[in-house]
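Take a look at these structures.
The following pair of complexes shares a single chain, chain A, combined with chain B in the former and chain C in the latter.
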Partner chain A sequence: MEIIVLLILLATGYFFGQLAEKKHFKSIIKREKAHLHFPVVTMRTPPAITQHELNAELVAGNAVISIDFFKKFVASLKMLFGGRVTQYESLLDRARREALLRMKEQAALKNAFVVMNARVETASISKNSKRRNSVGAIEVLAYGTAISLGKKIQR
Partner chain B sequence: MLLTNLEQVPGKKIVQHFGLVQGNTIRAKHVGKDFLAGLKNIFGGELGAYTELLAESRQEATDRMIQQAISMGANAIVNVRYSTSSVAQGAAELYAYGTAVKVDL
Partner chain C sequence: MRYTPVQPPEGINVIDEHPLKSFFILTVGTIGVLIVVVAVLGLAADYLVKYIPVEYEQNLFSKESVYLMPFATDKSEEGLQTKQYLQNLVDELHAVAGEEYAGHHFQVEIADDYVANAFAVPGGHIIVTKGLFSSIESENGLSMILAHEMAHHYERHPLRSTGRGLVISLFLLTVLGADGSSFLQGFLGNTASITNLAFSRQQEADSDVFASDLLMKFYGHASGAAEFFQYVESEEGSIGEVPSFLSTHPATEDRISNLIELENQYAGNKKPLPNFLNNYAASASEQEEQ
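On to the complex of A and B.
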């Protein structure tokens, strides 16, 4: 009986998980293309623009992404042998790119032309209280300073 | 209030330092939302409720930091940093800190 439940959970996890991931990656790639021209840098010195005043504003984007049952199961098997755990790699990749995109989109709304000192931070939100080290979901926060042009400096 | 995580405010001169300002908030998860999130753990995908909850809480931490800076008489906070840590099972602390300064406007 328990095996049947496990198999059903694995099947639904696999089916919906793959579906959700494919859809998400499609949307990420589409939006990344749309924001290709928008630079996000980790430099800290503002650009030397003297003709205009510069406005600085903090922008941030976050995303919480959960892993599906199938991937979690496969990953826990892989942990026995060690090596690359691609299941978690794609999860983190998705979350980071999504968070960065949300930050970019917010910066674009503010008419910024660059995001400086971008930082990405990851925190794991553990769901299961019984197994403390299990990764249920991860949160990624991306933040930086959006720089936009202000009014022209008169000389 | 000007917020930036650069070390200076572009194009403006820092005239006075006030030191570290900080704000924090600790949030626990909602039981109903937690149940839904548990289901999502089977299907995978984004947990929209959590994304919102954390963004909101982070904003609250930022607001507290801003309040502290205002009470000191600052008009900008530079070098803002965020950090997240889990203090207890099911609760997370969101922390924002930075340096309060006064700039020439």
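On to the complex of A and C.
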């Protein structure tokens, strides 16, 4: 009986997890291409522009992506033997790129031309939950300083 | 400083590999390793158990210990009478079992359960349920069941199962930790117990052989040997079949056909059950209906 429950959970996790992941990657790649002209850099000093005042503003994007049952099961087996946990890697990749994209989209709304000093942080949600069969999720937060052009400087 | 827009290539952070590939490799690998480890640990435990003296086992699992409490015979006159009768029958069977088993002592208890069943519990205990008495027709049939449980004890099966269970649980606890909550633990635990069932089925088959031999020695014929199993088979139809690899016992049909063959070969007159036992069985089935 338990085996049947396990198989159903695995099949559900696999089907919907893969579906969501494929769809998400497609959307990420499409949006990344659309925002490709928009630079996000980790530099801390603003560019030397003298004709305009520069506006600086915090922009942030965060994404929470849940693991599915199938991934979790395979990952926990992997953890017995060690090695690259590709199941979590794709999750983190999706979350990081999604968070950066959301930050870019926010910066674009503010008419910024660059995001400076960009940082990425990650956290896991419900990792320590003692609940049976809890499925964890990871959060990635991307933030930086959006720089936009202000008033023209009169000389 | 220039910014050149380039889309980074895929396949660096995420490798393009079919997710089912690692699933199958890991599942098959884990199950394989587990079966081997469980089998080796089980055999080791099995091998060591015979060095535990019978007296030590009996002290360890004494009648006073808490775990026998749910199986205590009721204190009614018929209950005690039946228990005494069963005890005598076991002692008489034991007397003909052979000298190499002289160190064993048995204690019978009647459990308050209406499903026909009997089992051997470490420490020389034989538990029969009230429901058992309505599943058999003669003393011979009853002796067969008692002899079957005695065979378990002679071959140290209860202790071996306990030892094996203990060693394997310890192994799983060491590998997976003690919180016992994840699905992985359930999955590995199930694999381990399914592996164990093979040992259990072998033990049942061995005990059937031993019991029918003992029956022959005691009565001089094998009549009644298949009684209980025929009852089980007639009942099984209503609950449906369990696949044999998931079962603790060999398929009933297989057991019956061997025993019936033996019965036909060495037929004899069956001894009836004493009246008080029939009354006890009747009152038990009345209680069940209520």
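General observations
In the analysis below, the second predicted complex is superposed on the first by the 148 of 155 C-alpha atoms of A that agree within 3 Å, B and C clash if a C-alpha of one lies under 4 Å from a C-alpha of the other, contacts with A are read in each partner's own complex, and residues count from 1 in each chain.
Following the convention adopted for this analysis, a residue touches a chain if its C-beta (ideal position, glycine included) is under 8 Å from a C-beta of that chain, and two chains touch if they have at least 3 such contacts.
Quick caveat, the model's predicted, so the values are computed rather than measured.
In the superposed model, A:I3 lies in contact with chain C only, and not with chain B. By the touch criterion defined above, A:Y143 reaches chain B but does not reach chain C.
More residues of chain A lie in touch with B than with the remaining chain of the pair chain B and chain C. Of the two partner chains placed by superposition, A:E105 touches none, neither chain B nor chain C. Judged by the document's definition of touching, chain A residues 9, 69, 71, 132 lie at the interface with chain B and also at the interface with chain C. Here chain B touches chain A in the complex through residues 2-11, 34, 37-38, 40-47, 50-51, 54-55, 58, 80-86, 89-90, 92, going by the rule given at the top. Contact residues on chain A toward chain B in their complex (touch as defined above): 9, 12-13, 16-17, 20-21, 24, 44, 46, 53-58, 60, 62-69, 71-72, 98, 116-117, 119, 121, 123, 125-127, 129, 132, 136-137, 139, 141, 143-145, 147, 150. Put simply, chain A touches chain C in their complex at residues 2-3, 6, 9, 14, 18, 29, 32-33, 36-37, 39, 41, 47, 69-71, 73-74, 76-78, 80-81, 84, 86-87, 89-90, 92-93, 130, 132-133. Looking at the complex, you find that chain C touches chain A at residues 1, 3, 5-7, 10, 13-15, 17, 19-20, 22-23, 26-27, 29-30, 175, 179, 181-184, 186-187, 190.
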